[in-house]
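Take this structure first; my questions come after.
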Amino acid sequence: MPSPSDPGSGVSGARLKGVAISLIGLLAGLLAWQVLGQRDPVLLATPVRSFESLAAMTRDGTLPGALADTGVLFLAGLAAAVVGGVGYGLVLSRSRRLRTSTQWLVFAVQSVPIVALAPLILAAFGFGFWAKVLVVFLSAVFPVLINTAEGARHTPVTLLEVARVHRSGEWALWRDVLLPHAMPYAMSGIRQGIAMAFVGTFIAEFFLEATGIGGLLLGASSRFDSATVLGLTVLVSVLAAMLMALGQVLERAFAPWREGSTE
Amino acid sequence: MRTTQGTTADPTTDPTAAVVSPAVSSGGPSRDVTGKLVAAAAVLLVWQVAGTAWLPDYLPTPLGVLGQAIPTLTSASFLGSVWETVSAVALGLLLGCVPGIVAGLLIGRVAWLRHLSTPYISGLYAMPMLAIVPMATIWFGYNDVTRVIVVALSAFLPCAVSTADGARALPGNLADVARVLNVPRRRFVTDFVLPSALPFAVAGVHVAVGRALVGAAAVEFLANLDGLGTFILTNARSFAQDQAFVGVTVLALLGVLARAGTERLVRRVAPWQHAGRE
Amino acid sequence: TACGGDAPSAGGTPTITMGIPGIPPVFVNLMAYVAEEKGYFTANGVKVTLRPLPTGADVGRAIQSRELDGGIVGTSGAVALRASGGSVVAVLGNENPSYLVASSDAAVKDCAALKGRTIAVDGVGAPKALSVGTMLASCGLTVKDVKLVNVGGPQSVDAMIAGQVDTAVLHPDELAAVQQSKETHEVVALAKVDPKSHYTMLVTREDELKDGGKRPAWVETVAALHKAITYINDPANADDVTAIAARMTKRSPEIAKVALGDYVKLGFWPTDIGLTRERVDKAIEDQVKAGNVPADKTPKYDQFVDATVFRDALAK
Amino acid sequence: MSLLDRLRDSSRPSRTSTAAPASGSASVDIDGVTMRFGDRNAAEDIHVDVRPGEIVSIVGPSGCGKTTLLRAVAGLISPAEGRVRVDGETVSTTPDGVAMVFQHFGLFPWKTAEANIAYPLRLRGLPREEIASRTRELIEMVGLSGFERSYPHQLSGGMQQRTGLARALAVRPRVLLMDEPFGALDAQTAEVLRFELLRMWEEHPITMLFVTHSIDEAVLFGDRVVVLKGRPGRVHEVIDVALPRPRDRAVAMSEEFVALRERVWSLVMSQDTHRTR
Amino acid sequence: MSLLDRLRDSSRPSRTSTAAPASGSASVDIDGVTMRFGDRNAAEDIHVDVRPGEIVSIVGPSGCGKTTLLRAVAGLISPAEGRVRVDGETVSTTPDGVAMVFQHFGLFPWKTAEANIAYPLRLRGLPREEIASRTRELIEMVGLSGFERSYPHQLSGGMQQRTGLARALAVRPRVLLMDEPFGALDAQTAEVLRFELLRMWEEHPITMLFVTHSIDEAVLFGDRVVVLKGRPGRVHEVIDVALPRPRDRAVAMSEEFVALRERVWSLVMSQDTHRTR
C-alpha cells in the first residue's frame, strides 16, 4: 500500500506550502512532547533528553553497533526472502500443476502471524543468528512470492502470443517476456517485503535474542530509561519511513518503462 | 482505464492482462484435487518426519497437533483465552477503524490536514507496532487497555492511509462530472467521495485485521495478558509445542475468517467492485 | 484502568496489588504465595492480589505507572528506577543473592573457563544479566569476554534442557530442575564471590506510605509476609511449603523439595527486614560502577528504604 | 421511437420550483479565448460563435486543446484571456442547462444505469415519482430497457455511452458538450450510436459543441466544422457544412458529403502532424 | 518512400541459413473450422479460402469469434473440427512466414521501439550487424526515425502501431494477420495509417487476413469481405469487392465504394446485435 505521499500535482509554490505546513506540524508535535515530557521522568521524557541519550549512545558506539546488528539481520532475511520469493514465484507461474497444488499452502502459511511462530522457532531452532534470519525471512517472503507469481502469471496473453507467433523457445520466452514482465511485480512485492522484514527484524530481536535496536529498546525499558526508549522508538519510526521511501524508489527504478504515458 | 494515448503497461491496471494459458491444451484439471492432496501429504510427511526424527520435542508434529487439537479446543481456559483476544481485537478494530476511516476522509480531502499529518502518518504507518509496546505498557499499564490501544493504533493507520488514497482518487472524470452538474459540497462528499473511498476503506480494514491480530499477540507476549498469544508463548516455553501450534493455527484461522468476512463485506457494500465482464 | 493507587475503599477491606516477577513465578518469591495460600493476608485484614509479570522491570514500571501498589523488584532494578526519577521505596528485602552460573559442559569447570562462552540470562539489564558481571569479575573477566543471550528468566531452564545453551545463570531451584534431565554443575555462585551484595526488595511508591495512602495496609501485608517467612523457615512445615512451591513454580515436588532445602540453608528468607545498609549501599555503588546509573542521581539509603513499615509490622 | 419529444411532452408543469426547466437552446460565444497551464498555452485566441440550435464540430490534432476548450465552455477551468458566454452571460461555473458527455463515459461505477441517469434529477430534488417516470422515459429513449439494474461494468461500451447520454439529457440541456463521445467505442457501435444521436437531435435540436477525431463524424454532425491546428491550437479554418438535414445514411453517401470530408481531410492533413501520431 | 521494395532490395544473400527468407505470399485455407472453448463454440464451420496475395477482410459482431479464428490461422490454438492450411500444409504451430499485428499493438513495454522491431530477428539468431541494418531499414520504412530509443509508453498510439507493423514485417512474412490493427487509434491517426499500409501493400502484395469492426476499413482493404454473424459466429455472406487498386482516397470517394459499404452495413446491421453494444 502506498504511503501518503504528495501527488506532485500542484505548482512548486503549493508544494512548498505543503512542506511548510508539515514542518509546522512536526515542530508543534515536538513542542507538545517537550512540555508533556517534563511531567513524569519515568513515564515520559522530553525530546531534548531523548536526543541527548541517542547522542551519547552514538558517541560510545552502542547505537552504531546496534544499527549494524539490526541492519545485518534485516538484510540477510530480506535477501533470503527475495531470492526464495522471486525464484519460487517464477517457477509457480510456469507450472500450473505446482501452482494449483501448492498455492493454497502458501496462502495458509501466509496467514499465520509470524509473531505467534516466534516462540516455536525459539524452542525449535534456538535464538542464534540463523533462527532470527528465519523469522525475518518468513515475515518477508510471502508478499515477494505472491506478487512475483501473480505478475508472471498475468503476463498479457498478447505478449505471449507475440513470442509464440515468432516461434520463441521456452528459454527465450523467459528472457524476453516472463522475467521482464514479472520484474515490476516482484519489485512491488519486495517493497512490501521490506516493510515486513523490518517488522520481522523486531520480532526476532524482541522474542529471540535481544540484539540490535530491539535489544537496546528492551534494555532501556528494563532500566526505566524512558528517554532512550522514546528516542529509539522515534528512530525506529524514521527508519521505517525511510525504508518505505527506499522501497518506492526501488520499485520505480526497476521499471523505467512503467512510467505514465504523458508526452 | 485506457487513455487516448494508447495502452500503458501498468501491470496493476492493464486490462489486457489475463491468465497465462500454457502451451498445453486447455483440457487440464482446473481444480487439481490430486495435486493438492499430494502436496498436502508430502508437506505433512516431511513435517512429521522432521518433527520426530530431527528435532523431537522441539517441533510440533502433525500427529501431535492432531492429538492435542480436541483437548485444547474444548478446554475452558483455552476458549477463555481465545475470547480475551477476540474481544480485545474486535473492540480495538472498532476503535481504530472508525476514526481511521473518518480521519482518512479528512486527510484525503483537506490539503492542510494532509500536510499536517503526513509526517506522523508515514512515520507510524511503516513502524513495527512491536516497538511501541514498551512505551504503551508504561503509559497504559499491563492490562487490557494497552492491548486495545495497540490494536486500535495498528488498525487506525492502514484504514486512514487507504481511505485517504480512495478519497483523493476519484475514478474517471467524475470530478468533472460533479462540477458540470454543479453538485453542492455536501452532496459531493456523500455522492462522490464516500462511494469512491468505500472500497479503499474496506481494503484498509482488510489490512487492519491482520495487523490487529499481530498487535494483540505482541502485547500479550510482552505484558503477559491472558489471551491466545500468551497461551502460545507459555506452551512453547514449556515445550508443549503441539498445544502451542494449536494456538497458532487458531490465530491464523481467525485472521483468515476475518479477512473472508471483510471480503464479503466488500461484495455487499460495493457490488460494482467485482468487474466480472461478459 | 491502570489505577491501583486509589485510597482504601471506605469501610471495605484495604487492597494491595503486588507484582511478582517471572512467569511462572520464580521460587524466590515463595513467601508471597505461602502468605496467600495460608490466608495470612486475609487474616491481617488486607486483600492482596498477586500479579505475575514477565520481569522485575515490568513490575517496576507498573508500580511507577500506579497500576500496582508495589511489588518485588531486583535491587539493581529498584536502584535504576529510583535514579531515573521513580519514587519507589523499599520496605522489605531478600539479601542473599541466589544466582549462580551453571553449565552442562564438563569442560567448564571454573569461572575462568567461561571466557568466550555463551551464557543465557533473563534479559538486557535484568538482574541475572547484571549479576553475571560481578561473578565474572571474580576471575578477572568482564561481560565483554562472554556472549549473553536473552532467554527470559524461567526459560533459561528450558533452554538448558533443550540444549540450546550449555551455560546459564540460574537460581538453585532452576539448577535442580535442569539436573533432573541433564548432568549440570555449578560453576560460580554470586553469594560466594560477593557476599555483600543485595538481591531483591519489596518496593512501593512514596505516596503510598504518606498520610492518606495505604501505609496501614502495607504494614499488614509486610506482617503477613513475615509470618509466611517464619512458616517457611520452620523445617516442620517443609512438606506443606514444598507443595505450595511446586504449584507456584509449576515444577515437580521433588525439585521443589531439594530447592527449598538449599534456600533455607542459604538463609534466603531473612527473619529481619533484610535491608542492611551496607549491602544496599553496595548495590547502589555497583550500579554506578556498571554505568547504569549516573552518580549524581544516586539514591541515598535513607530515602530509599523505609524501615518503619517493618517495625510497625513486627509490633503487631 | 419518439425520443426527445417524449421528453418535451413530459415537461408538464413540474411541482417543484428547484428544477429550472431549461427549455430551448442557448447560444455559445467563445470570444478570443486563450487557455494556459502554468506558462504553457494549450489553445490561443480562439473565436467561435455558436448560434442557438447549431452544431459546431471541432477537429484538430491530438493535444491542440480541444478538450481544454470544451472544459472552458463548461466552466470547469477559466480562460487566461478572453471569455466564454452562454446566452450572453459570461461563464464562471457550469451554467444551468449545459450538459457534457465524456469520451470515457464518466459514469458512477457504484450506481446502476438507472441510478446514474436519475442522478441529476435527484440532485435537483424532484419528487420521487417524477424522477422514476422521467428516468424510465430516458432509458427507453436511449434503448437501455432491461439493463436498468446493471452496473456500468456489466454493460458494453456502447451501453455505457448510452447511459452517459441519457444522464446528460436528463436535465433537458440547452447546450450539449461532447468530447469524443464515440472515441472509446468500436467502429460499428459508434456508427449505430452516431445515427441514433442524430435522430434524437432532429427531434429536438439543441446547441451542440462536438469534439471529435473522426472527420466523417465532424462533417456528419456539424453545421460548421472548426479545424484547429498547432500546439497550442489556433483556429485554422471554419468550414460551413451545407448538407441537408436530417442527416441520415443517405446524406453520408452523397457526393457533397464525400467532397466536404475530403476538404476537411486535406486541411487537417496539411498540418504535418501525422508523423507524431 | 520506397517502402517495402527497399526491404526486397535488402534480400541480398543472407549470411546465415537459419533465417529462412520467406518470399512471395502464401495461400490460406480455412476449411470447415469450428473453434471451441470448453463446451462452448466460439465459431462454427468456417470456410474461407484465401489466394496468395489476396486481402480478405472479416467483419462481424463482437464476440463472434474473429480473433479466435485469426489465432487458429496463426497456430496459437487448434480447431476442434476442420483444419487450417497455409500453402497446403496443415497448421499446428505458427508456420514460418506468418506474422501478426495486434489491436493493442502487443509491444514489449520494456523494450525500445528498436528492440521491439529487432526482436524476431534476434530470435532467429541473425548476426548483430545484419539485425542492426535491417532494423534501421524497417524503422525508416514505417517512419519512426528519431524514435528508435523511445519506449512504447513514450510513443503515440500511431507510432506504437507503426512499431508493431515493422516488427511483423521484419521476418518478411508471406501471410499477414491483422486483428483490428487500427481499432485502438483515434480516427485521424487510423485514417493516415490505413492509406500508408495500403501503399506498402501495393508495393509488395502479400496475403492478408484483416479483422476489423470498421466497415469502411473492411471494404477499403478487402478483395473480399467475409461477414460473420451470431454467437458462435458462422459465415453470413462473402462479398466480392471489385474496386480498382491501388486503393487510394479517390477510390474511397467513389460511388461504388459507398454502395459496397452500404451493402456490408446492411448485412451487419441485419443481425440485430447493435442493441447489446
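Residue numbering begins at 1 within each chain, and the chains themselves are lettered A, B, C, D and E in the order written.
FYI, a residue touches a chain if its C-beta (ideal position, glycine included) is under 8 Å from a C-beta of that chain, and two chains touch if they have at least 3 such contacts.
All of these numbers come straight from a predicted model, not from anything done at the bench.
Counting steps between touching chains, the shortest path from subunit C to subunit D takes 2. Think of subunit D turning onto subunit E: fitted on CA atoms, that turn is 180 degrees, to the nearest 5.
Taking the mean of the C-alpha atoms as each chain's centre, subunit A and subunit B sit 16 Å apart. If you average the Cα atoms of subunit A and of subunit E, the two centres end up 47 Å apart. One inter-chain figure worth recording: subunit C and subunit E are separated by 86 Å, centre to centre, where each centre is the mean of the chain's CA atoms.
We define each chain's centre as the mean of its Cα atoms; on that basis subunit D and subunit E are separated by 34 Å. Shown for subunit D are the residues in touch with two or more other chains, namely 62, 180, 183. Contact with two or more other chains is made by residues 2, 4-6, 8-9, 16, 58, 138-139, 222, 237, 239 of subunit B.
Touching of two or more other chains is recorded for residues 61, 64-65, 158, 162 of subunit C. Considering their complex, residues 1-7, 17-19, 21-22, 24-26, 29, 42-43, 93-94, 96-97, 100-102, 104-105, 108, 111-120, 122-125, 151-158, 160, 164, 181, 184-185, 195, 198-199, 201-203, 206-207, 214, 217-218, 221, 226, 229-230, 232-234, 236-238, 240-241, 243-244, 257-258, 260-261, 263 of subunit A touch subunit B. By the touch rule above, subunit C contacts subunit B in their complex via residues 1-2, 23, 51-54, 58, 61-62, 64-65, 67, 152, 154-155, 158, 161-162, 250. Looking at the complex, you find that subunit B touches subunit D at residues 1-2, 4, 171-174, 176-177, 179-183, 187, 191, 195-196, 198, 270-272, 275-277.
Of all residues in subunit E, those touching subunit D in their complex are 59, 61-62, 143, 156-159, 180, 183, 185-189, 191-193, 212-217, 249, 253, 255, 258-259, 262, 265, 268-269, 274-277. Contact residues of subunit E toward subunit A in the complex are 71, 74, 76, 93-94, 96, 98-100, 102, 104, 106, 108-111, 119-120, 123, 151-154, 156, 171.
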